[in-house]
Structures are given as structure tokens and as C-alpha cells.
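Chain IDs A, B, C and D follow the sequence of writing; residue 1 opens each chain.
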Amino acid sequence: MAVIITIMVLELKAPEGASWEALRALRPAFLSYVLSFVMLGIYWNNHHHLLQATHHVNGRILWANLHVLFWLSLIPFATAWMGSNFDSFPVAIYGTILLLAAIAYYILVRALIASHGKQSPIATAIGRDFKGKISPLFYVIAILLAFYNPEYSCALYVTVAIIWLVPDRRIERMYESRD
Amino acid sequence: MAVIITIMVLELKAPEGASWEALRALRPAFLSYVLSFVMLGIYWNNHHHLLQATHHVNGRILWANLHVLFWLSLIPFATAWMGSNFDSFPVAIYGTILLLAAIAYYILVRALIASHGKQSPIATAIGRDFKGKISPLFYVIAILLAFYNPEYSCALYVTVAIIWLVPDRRIERMYESRD
Amino acid sequence: MAVIITIMVLELKAPEGASWEALRALRPAFLSYVLSFVMLGIYWNNHHHLLQATHHVNGRILWANLHVLFWLSLIPFATAWMGSNFDSFPVAIYGTILLLAAIAYYILVRALIASHGKQSPIATAIGRDFKGKISPLFYVIAILLAFYNPEYSCALYVTVAIIWLVPDRRIERMYESRD
Amino acid sequence: MAVIITIMVLELKAPEGASWEALRALRPAFLSYVLSFVMLGIYWNNHHHLLQATHHVNGRILWANLHVLFWLSLIPFATAWMGSNFDSFPVAIYGTILLLAAIAYYILVRALIASHGKQSPIATAIGRDFKGKISPLFYVIAILLAFYNPEYSCALYVTVAIIWLVPDRRIERMYESRD
């Protein structure tokens, strides 16, 4: 994932002139980069915890992992497109890739639980997976919203990122107290 | 290999406009990317199993491994060419690189068996290697077919990918029942 | 970081002609590359020592690490810009990224000490961290200086690099003898 | 080094047309790629053996290692230049980078022997280092020759590669029998 992150910065082309305006023109590209960096960071962080609890690997898990990597590998492409053409369609595609990556990650988690057992540390560590279930819903809303106002979509992507960045316990407690 | 996969996506240039048509123009590039991703995934998966059964490494094995990497490293180039110029010649070159990578992989497997012995777990794990022997045949047919109809060639490449994706036992049983 | 370093060289585009003049035109780009290479090498070296003294990792450390990576990942972009437009603004941005990377590294070190304890080997290994405290000061001066003379700024960046390259003890002794 | 190798292929741009002629125009770029791939493979292979015999690492060794990486990281740049402008000057620069990488590697080997002792396995494994001493001589000749005939230079680079590819014992024996 370090590779994907670094390759994204390659898409941040050096501006043509040496002025402040030349840099400002990169603003959408830069903000897209920051958002994608945080998203990939969240995956990296979660993936790290997942691997720590993984004891054995089979073909199904390897492919589930590659499936996650496939969608994540498309993020630099979608980031570059959204950064250079900030409009409904690229923003919706960006959200679609995030949605498919989230689904792929969910499948990977299921494959790990299936091979480690429901009583395994990996299963209890993931628990109810409140964030994993709510994120796709946000993405679907954001994708539809992109055709109305792409900036609102991005606000939703940022919201998902913040939900993941806030430590788990606080969120879960907040969630439970609302029940 | 994660690097090769991710570098491939770099060749997926962000479209010029923000429209659906701009994205549709990327269709051959995207399909080529998916095919190459799966092909590299298959190599990654098999390579992982191979390394698990490897106990010692010598100069010959290192070079056999680099030889595989050489052909795999050309896949992004061939993918980009086929994706931007979908025609007989690029499709045939793509198949040639797949063929040479398959041969290089076969040489690597032989080098590993030679240094580990015919009774070693690595030799029994590889077994009759039905898929490794039939893939080159498919590639040769696909290369020749490219000059007649490049789309048929690609159908053959997809077929090889599917043969590798289907779990081994089922295929082998199917194969044996046909004998 | 090997990836960031190597990706930087990608920004060193091959010159158009085959002449000595064509190569000479790359001089600012090449010097920027060497400076950034040394800077990333210093981070790599220090990071290596830091990881050796690290015994456990938590979410906060992972994010502090990603934060460092974020600013380092922008170095190729800033290097390419400074190399192709050697002027006040790009040189100041380059320094700003170095400054933010240094601050991020400082936060990472604090997070590690916080989780390992003030008596831990990691805390004593870092010690008074004279270099870590003086570097940001140099960067701030260099950023301001860039609007007056960007070449002086670069001289300051080189000075910081040299301070880090000189083995610790000699510098610390020099520093203490001046007290 | 896998990264450097793979990034080199990025410089192999997909040809504009779909014809055999379009591919043939890539011949110098492709041959340069193969040569650089083999050169990097030789470094990878030797580096692997070196690391196996290394027991401890200090700051000096880390920097000697980064120094090797620095020159190797310039190989994709020199390869791309030589591949697109096959002429005296780029070929001489290519040789200069190979020469400096060889010198950097020699310094790394000395740093390792210095910290492990002259009786250590690492010192005996390297032995008289016949190839390490003769390669720089070949590079110097090739660099000078480039201004007379760049193709002869490349023949010398290929010769060095072959010397390294031939297993050690045979060469050393050949060398000793000539004494």
C-alpha cells in the first residue's frame, strides 16, 4: 500500500510556473490526494490489525486479499481523474471504487473468520463491525448525490474517513447510547 | 509483484473530460488491466505456494526467479500497448510475453525440484502440473489467432486465467474423468 | 522509502538531445534530486534506528508513522517543482514540506516515548535530540530567506543535511563545549 | 531493487501505432532495458549473498548501502536516455553511472569487512574479488570508447555482464591458469 500511496503522488504533476497561482490550480488535485491518502491509511491500519490476528492463509484468503488490492489500486486513477476534472461523473466513480473496495474488504474479513472460526480472536476483534456496515451506505448516498452536487459527495467521503479515524470505543459507545 | 500491479494502473491515464464517454474510451485499457491483474495475481498466488515449500536458495534459483520477473515486468508495457492499440500485433506480443513468462516459471519450478530432490514436498506439491503444461499450448494458439481475430485471442487468454482460477482438484478430476 | 527515492528519479526525465548541453539543462533537477535523496536517506537511517528500539505498535504510532510518510511522499513532487522552476515560491514550498516532515517525525518520536516510557531504551537513545530541535529552526529561516534569495535557502537545506550526516557524538561534544 | 527494475519498464513507452515497425523503433530502448535488467539482477544476486553473511549493521554500512542505491537509482534515467538517444554522450554517462555504482559497491564491501573482521565469513566469501576489480577497468575503457564508437562501448558493458553471469569458480580457474 506504501507503493499505491507513493504512486498517487506521481499524479500530482509539478505546476508549470513558479507562482502561487500555479500552486493554487493544484488545489482540487491536492485535496483529492489528501483524502485518498487518509482512506488508504485507514485500510493500511485495519489491514495491519487483521494480519496480526491471522494465523493461516489459504488460496481463498489470498484471492480475497488481491480483490481488495484490485480496487485500492484503482484509487490513484480515480484520484487523478477527480483531481483534474472535478465533476459529477468522476466523483461518482471515485465513490464507486471506494464502495467496491469496502465490499472487497468485507469479503476478506468473512473469508478470514470462515477459516479461523467464529470463536477465534479474529472474529471477536472484528466484533459487530459497525463501521464496516455503515460505510457502504454512506458511499451509495454519496454516489447518487454526486449527480446533484459533487461537493456534498466529497463531504460525505470525508465524513466516512472521520468515522474511521475516531477511535473505535468512543464511536461504539455513542452508537449504543443512541439505541 | 505488488509493484508491477500498481505500476500498471499508472498506465491507466485519467480521461481528458468528465463525461461518461471519456470513461468509455478507456474500456479496452481497463479490460486489459483487469486481465493482466488476474494473470499477475495467479503468478503471485502460485509463487507464494512455491516459496512456502522452498528451503534453500542458490544462484541458479535466484536467476530463474529474476527470469520470471523479467517477463512479468514487461506485462505493464504490453498491457498499455494492447489497451491503447487493440490490434493483431500488440495482442500477439502480449501473448508472447505471457508464453515466455510461463516458460520462465516452468524453468524456475524445475530448478527448485532439481535442488530439493524428486521426493521433496515441493516436487509432490507441483505434481503433474497439468495447468503449467496446457497454458503454453493455449498461448501459442492465441498468438497465431491474433492475426486472424485479436478478440478470439483475448478470449483464449481469459480461458487460461479461468483454468488457473478454478481450484486444482476439480479441474484435475474433470481431466482424469475424460481420459 | 526506497519507493519514494526511486519514484523521484522518474521525475528526472531523460533529456531531449544527446549533447552535453542537454544534460547540463538538467543541473537544477539533478541537484534537487541529490538533496532530496540525502534527506530521505537521513530519515531512512534514523527510522531504522527507531524501529530497532520499538517493541510494540499501537494505532496512534501507526498514524504518526503515516503522518511522516505523508510529508515524505510529497518530497518527489516538491523536488520536481523546484528542479524545473528554481524560484522563491517552489523553494519555500520545498522547505515547508521538510519542516512539516520534521514536525511529523518529532510527533512520531513523542508517541513512541509515550508508549515505551521515559526510562525505555528508545527514550535514552533519542536523548536530548539536539538535531531534531535545531532543524525546524533552520527550515523556518530558509523558507523566509527563499523570498529574498532561493539559493541561500538551498545552502541552508544542505547545511541541515550535513548536520545530520556528521556522526552524533562529535556534534554533541562540539555543542556542549560551546555551552 | 525490484522497484528500480520495474520502474525502468515504465520508461518503455507503449509504441504509437500497432505495427511491427512501431515495435522495431523500440529496439534500442528494449536492448538498453535488457542490459540494465541484467546489471541490476547481478547487483541483486550479489547483494543477497552479501546480506546473508552480514551479522550487524551500523550507520556507516547503512550509508554505504544508500550510496550504492543512489547510483543504481540513476540507472533507469541513464537507460531511458541511452534508449531514446543512442549516441556517444548518453552511452558514456551510462557507463559512468555503472562505474560509480561499482565503486560504491566496493566501498560497501570494504565497510562490511571492516566491521566484521578479516577472518569473518564475509571476508573469505568475497575473497580476492577478481570481478569487482576488473569491472571498473572495463567501464573506464568503455566510457572513453563511447566517443569513438558507442556500439563498441555497449559490447564492453555486455562483456562485463557476461563475466559476472558465468559462475565464479570457472572464471577464477581460467584466470589462474593464465597466470
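Operating definition for what follows: contacts are C-beta pairs under 8 Å (C-beta built on N, C-alpha and C of every residue); 3 or more make two chains touch, one makes a residue touch a chain.
Keep in mind that what you see is a predicted model, and the values were worked out from it rather than measured.
> Could you check if the interface between copies subunit A and subunit B is built from the same residues on both sides, meaning over half shared, or from different ones?
different
> Through what angle, to the nearest 5 degrees, does subunit B rotate to match subunit D on its C-alpha atoms?
Superposing subunit B on subunit D takes a rotation of 90 degrees, nearest 5.
> Tell me, please, which chain's centre (mean of its C-alpha atoms) is farthest from the centre of subunit B?
It is C whose centre lies farthest from that of subunit B.
> List the centre-to-centre spacing of subunit A and subunit B in whole Å, with centres computed as mean CA coordinates.
The separation of the two C-alpha centroids amounts to 28 Å.
> Report the inter-centroid distance (CA atoms only) between subunit A and subunit D in whole Å.
Computed from C-alpha means, the inter-chain centre distance equals 40 Å.
> Which residues does subunit A have that touch at least 2 chains other than itself?
Those would be 3, 7, 10.
> What pattern do the touching chains form: line, ring, star, complete or other?
ring
> Under the stated contact criterion, what part of subunit C meets subunit A in this complex?
Residue list for subunit C touching subunit A: 3-4, 7, 10-11, 57, 59, 62-63, 66, 69-70, 73-74, 76-77, 80-81, 84-90, 93.
> Could you please specify the touching residues of subunit B with respect to subunit A in the complex?
Touch residues, subunit B against subunit A: 2-3, 5-10, 12, 14-20, 23, 34, 37, 41, 44-45, 48, 165, 167.
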